[in-house]
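Two complexes are shown next, each including chain A; its partner changes from chain B in the first to chain C in the second.
So, the complex of A and B:
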């Protein structure tokens, strides 16, 4: 039960919100400088304007609510949920001013899609977008994937409040004893792979005769959207633009690593590489990838024929890995995807719904929850089939040895049910707007699990009601319900305080 | 000197960790390619 808020809660919540807004404003300086470097004056002014606006809003909030108190649990959750909404509006301003979006709603959709690392896009004429604006789209993915609050934690927030806001951003595990150290380690992993990934993409792009400046830009953007499992691309054809198996391979490698638990990275990097073989979540993840891929292949084998094995594997496995890690990169055109056999589409929907590892950049139900539920079922079956006095204990290895408790199973089951309800609700809303059920369900799961693959529904011309629905789904899906529930309680409390 | 050895050990573990993690996806892809190839062969058996 979430306790009611009082008027005294408003001050601390808005104080920390002010800090986050100021922090976001500072980040706008990165695309501003990119605009200046490329002599893109109009976008540079847009980013400068948004930077000043964010600074002004943040400063006003900090001036009005100047008293800095440690946040309690429910205040921290509210800060997180509110920060994501405010970030969406602020991030949308330069996008809207760029003229590549039909309305502010479209720009907000794009900003939420980027921050939530979804990758569904409603941009128009992407090929002619400025470097500054295109970089901002990908940079938002990177900030959102790391966690807006994690960024704030690392640079702007101090004190006892940090743990409450860290937990609110759908990160369940403290990798290191100190939360600031944990945040810094997550940055360390991401920046290490940023260097490796960018170097690899840069080399491949240069090998394709792309000019070095453009190759570097593409490489950084590809990595940021890939590692943080967002799936935006510099070109409207997404990964199909490159027509390069090496780009397919390297993107698939990094998205898979991005969907691995940061705790596993920590253990492996600190001298325990055997964790890669022992970790229950990782083993289940690989099994799940192969099982869902089997369904996709079965769909193709039954109804469809490819001219050769390589094109069969490249097309089917790339979309599958893209769906299961939640990145949403695609090496085929949307219209081709819509022609896939139903069984293969179902395989992709299941993969999208399951998602990646916990405490990673991926979305969806998360494999660890499925694993805990399976262990819970196994435990119950053992209890049923054992003599009455038998004590049944189920264990699994996830960074350390964990004994399955009833409350673990209960929490996992609740979260799985909530996600399934969110997927179905979005599907029904899609159907009510006149779209076929399978496409509507596909798009709903893609939005809620922060994947970004599309069967063609998502476009600048889809109904506004559906755009708002997907924005809400992306937000709730990324924050994993709890923070949003607490925020709703906060808003209701403001209306009728106890 | 002890400090240098300590740092070298940390870097050593870190490099091994990164290399192993980069190999890991390739193992998954190979397993998937095998599944895919077997499924692909079934299309010929069906013929």
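So, the complex of A and C:
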């Protein structure tokens, strides 16, 4: 049972919130300098303004709530949930000032979509957006994928507080004994792949005769949105813009890497590649990809209008990988989904709902939870069908050998049910706004599982109520419920403290 | 004979009334790109004419290049050759309005030559409206607010620094 909050909790929570706001402000300097370098003075001023505003708000919070204490568990969770909302508002300011969004709500939608690594977009006329602003869209994905608070606090906070926010941002595993080391390892892996990925995309783009400056810009953005399974792109057409199967291949490769557990990355990096063959979650993940692809193929059996197998494979398998890893990259236009058969769409919805690995940048239910639930069901069935007093033990290998305990199964089942409830609730809200059930469910799962594929509902012209619904779904989905529940309890207890 | 004549005329008139709203697939008529998405199968493999702003980059090598054109909120990739590439002066980006081009060519829903791409292989391309540079609109209001905010932030940071210094000397306040 979580203890109730008291008013004394407000101080530490807002103190750390002040630090996060200042940290986010400092990050705005990156797009500011990109604007200056490209002589984009208007966006540069927008970023300077937001940087100063963030610094001012952060400083006021730190001045008013100056006492620095280690956060306890519930305070840490509240800081996380609150910080993501504040980050959304701050991140939305330069977007809104750019004039590419119909309203501040639209800019907030975009910011939450980026931070939560979803990739649903309501931008208008992206083709004429400044480099600075477009970079900020992708940079938010990178910050969000790594964990907003972790990015903002790792370098400023010492002690146990970092661990609480690490847990709050939906990373339940410590890869290394020390949380700071874990965070640094995640950074090390991400930055190493950033260099490799950017170099690869840069090479492909230059090979396509794109000028070196723009090729580098495209490469960095493609990597940031791909690795962090966000799925934003520099152009409205997303991956279809490049007309290049090589880009499809490399993006698919990096999104698969991004959707793999950081713990597995660590074990492989430390010289144990056999983990790739033994890891239960990874094996289940591959099985799930094949199974959902089978559903998609079955959907197309009666509806095969492709001229050859390559066209079919490129369109169907890419969208499936995109859905299952939660990246939301697409090499077809949104309108193409409207021509897909219902069963194939269902295959994509299931893939989106299941998501990627735990402790990765992917969203959704996460494969490990499904695996634990399956093991739990198997264990119960064995108990039911075995003689009394038989001891049934189920094990699986995930970095180390783990024995399935009732507590694991219970937690996995609760999370799976919560996600399913979130998916259905969003679908029902979509239907209540007048959209067909399949499209509404597709969009709801896409938002909640932080995928970003769309059947066309998400647009600047969708109802405001639906935009707010998807913002909440993206927020809850990315933080995996817990910190949001703690924050809600905190806010309720402020109203009626015990 | 007279009855037959009246009957034929009536049939022709009826046909005209029924199909008056239907877009006739004439290769010279400019189609909205939207139609190629909404009714793609109808135009698959046929010669079509579309118009739109050239955006982003001109990509490719040797004899074959890709451009993307934007018509309202719809996009389509166009395959052009080296000589057609030369006529494009402006591509739409930040600060630049791209050339509006009219392209005639064969439309493919899943082009087998390009791994299933939805594209148009251009046969003829012409600029119907030239692109241009768009000057930046820097609002003085934003500059003044930023300067004021800068002064306030500096004051707050100095104040915070002073408090930190005092705390370091006197210890954490109770």
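The rule we apply is simple: the second predicted complex is superposed on the first by the 497 of 498 C-alpha atoms of A that agree within 3 Å, B and C clash if a C-alpha of one lies under 4 Å from a C-alpha of the other, contacts with A are read in each partner's own complex, and residues count from 1 in each chain.
In the analysis below, a residue touches a chain if its C-beta (ideal position, glycine included) is under 8 Å from a C-beta of that chain, and two chains touch if they have at least 3 such contacts.
As the structure is a computational prediction, the values presented were derived from the model and not from experiment.
K.L.:
Quick one: name whichever of chain B and chain C touches more residues of chain A.
P.N.:
For chain A, the partner with the higher number of touched residues is C.
K.L.:
Once the structures are superposed on A, label A:301 by its partner contacts, choosing first (chain B), second (chain C), both or neither.
P.N.:
Touch partner of A:301: chain B, not chain C.
K.L.:
Is A:407 contacted by the first partner chain B, the second partner chain C, both or neither?
P.N.:
The answer is neither, since A:407 touches no partner chain.
K.L.:
Taking the superposition on A as described, I'd like to know which of chain B and chain C A:41 touches: first, second, both or neither.
P.N.:
second
K.L.:
Contact-wise, after the overlay, does A:243 reach chain B, chain C, both or neither (first, second, both, neither)?
P.N.:
So A:243 only meets chain C here.
K.L.:
Examine A:253 and indicate which partner it touches, taking first as chain B and second as chain C; both and neither are also allowed.
P.N.:
The answer is first: A:253 touches chain B but not chain C.
K.L.:
Thinking of the overlay built on chain A, is A:214 touched by chain B (first), by chain C (second), by both, or by neither?
P.N.:
The second partner, chain C, only.
K.L.:
Once the structures are superposed on A, label A:390 by its partner contacts, choosing first (chain B), second (chain C), both or neither.
P.N.:
A:390 sits against neither chain B nor chain C.
K.L.:
Touching A:312, do we find chain B (first), chain C (second), both, or neither?
P.N.:
In the superposition, A:312 touches chain B and chain C alike.
K.L.:
Which chain A residues lie in the overlap of the chain B contact set and the chain C contact set?
P.N.:
Dual-contact residues (chain A): 305-306, 312.
K.L.:
Please output the residues of chain B touching chain A within their complex, sorted ascending.
P.N.:
13-14, 16-18, 20-22, 24-26, 28-29, 31-33, 35-37, 39-40, 42-43, 46
K.L.:
In their shared complex, at which residues does chain C touch chain A?
P.N.:
37-38, 40-41, 53, 55-61, 65-66, 68, 70, 73-75, 77, 92-97, 110, 112, 114-119, 134, 136-139, 142-143, 145-146, 149-150, 152-153, 156-157, 159-160, 163, 167, 172-173
K.L.:
Looking at the complex, which residues from chain A come into contact with chain C?
P.N.:
Its residues touching chain C are 40-42, 45-46, 48-49, 52-53, 55-56, 59-60, 62-63, 66-68, 97, 127-131, 207-211, 214, 235-237, 240-245, 305-308, 310-312, 314-315, 332-333, 335-336, 339.
K.L.:
Under the touch definition given earlier, write down the residues of chain A that touch chain B in their complex.
P.N.:
Going by the criterion above, the answer is residues 192, 196, 249, 252-253, 256-257, 260, 265, 268-271, 273, 276, 286, 289-290, 293-294, 297-298, 300-301, 305-306, 309, 312-313, 316-317, 320-321.
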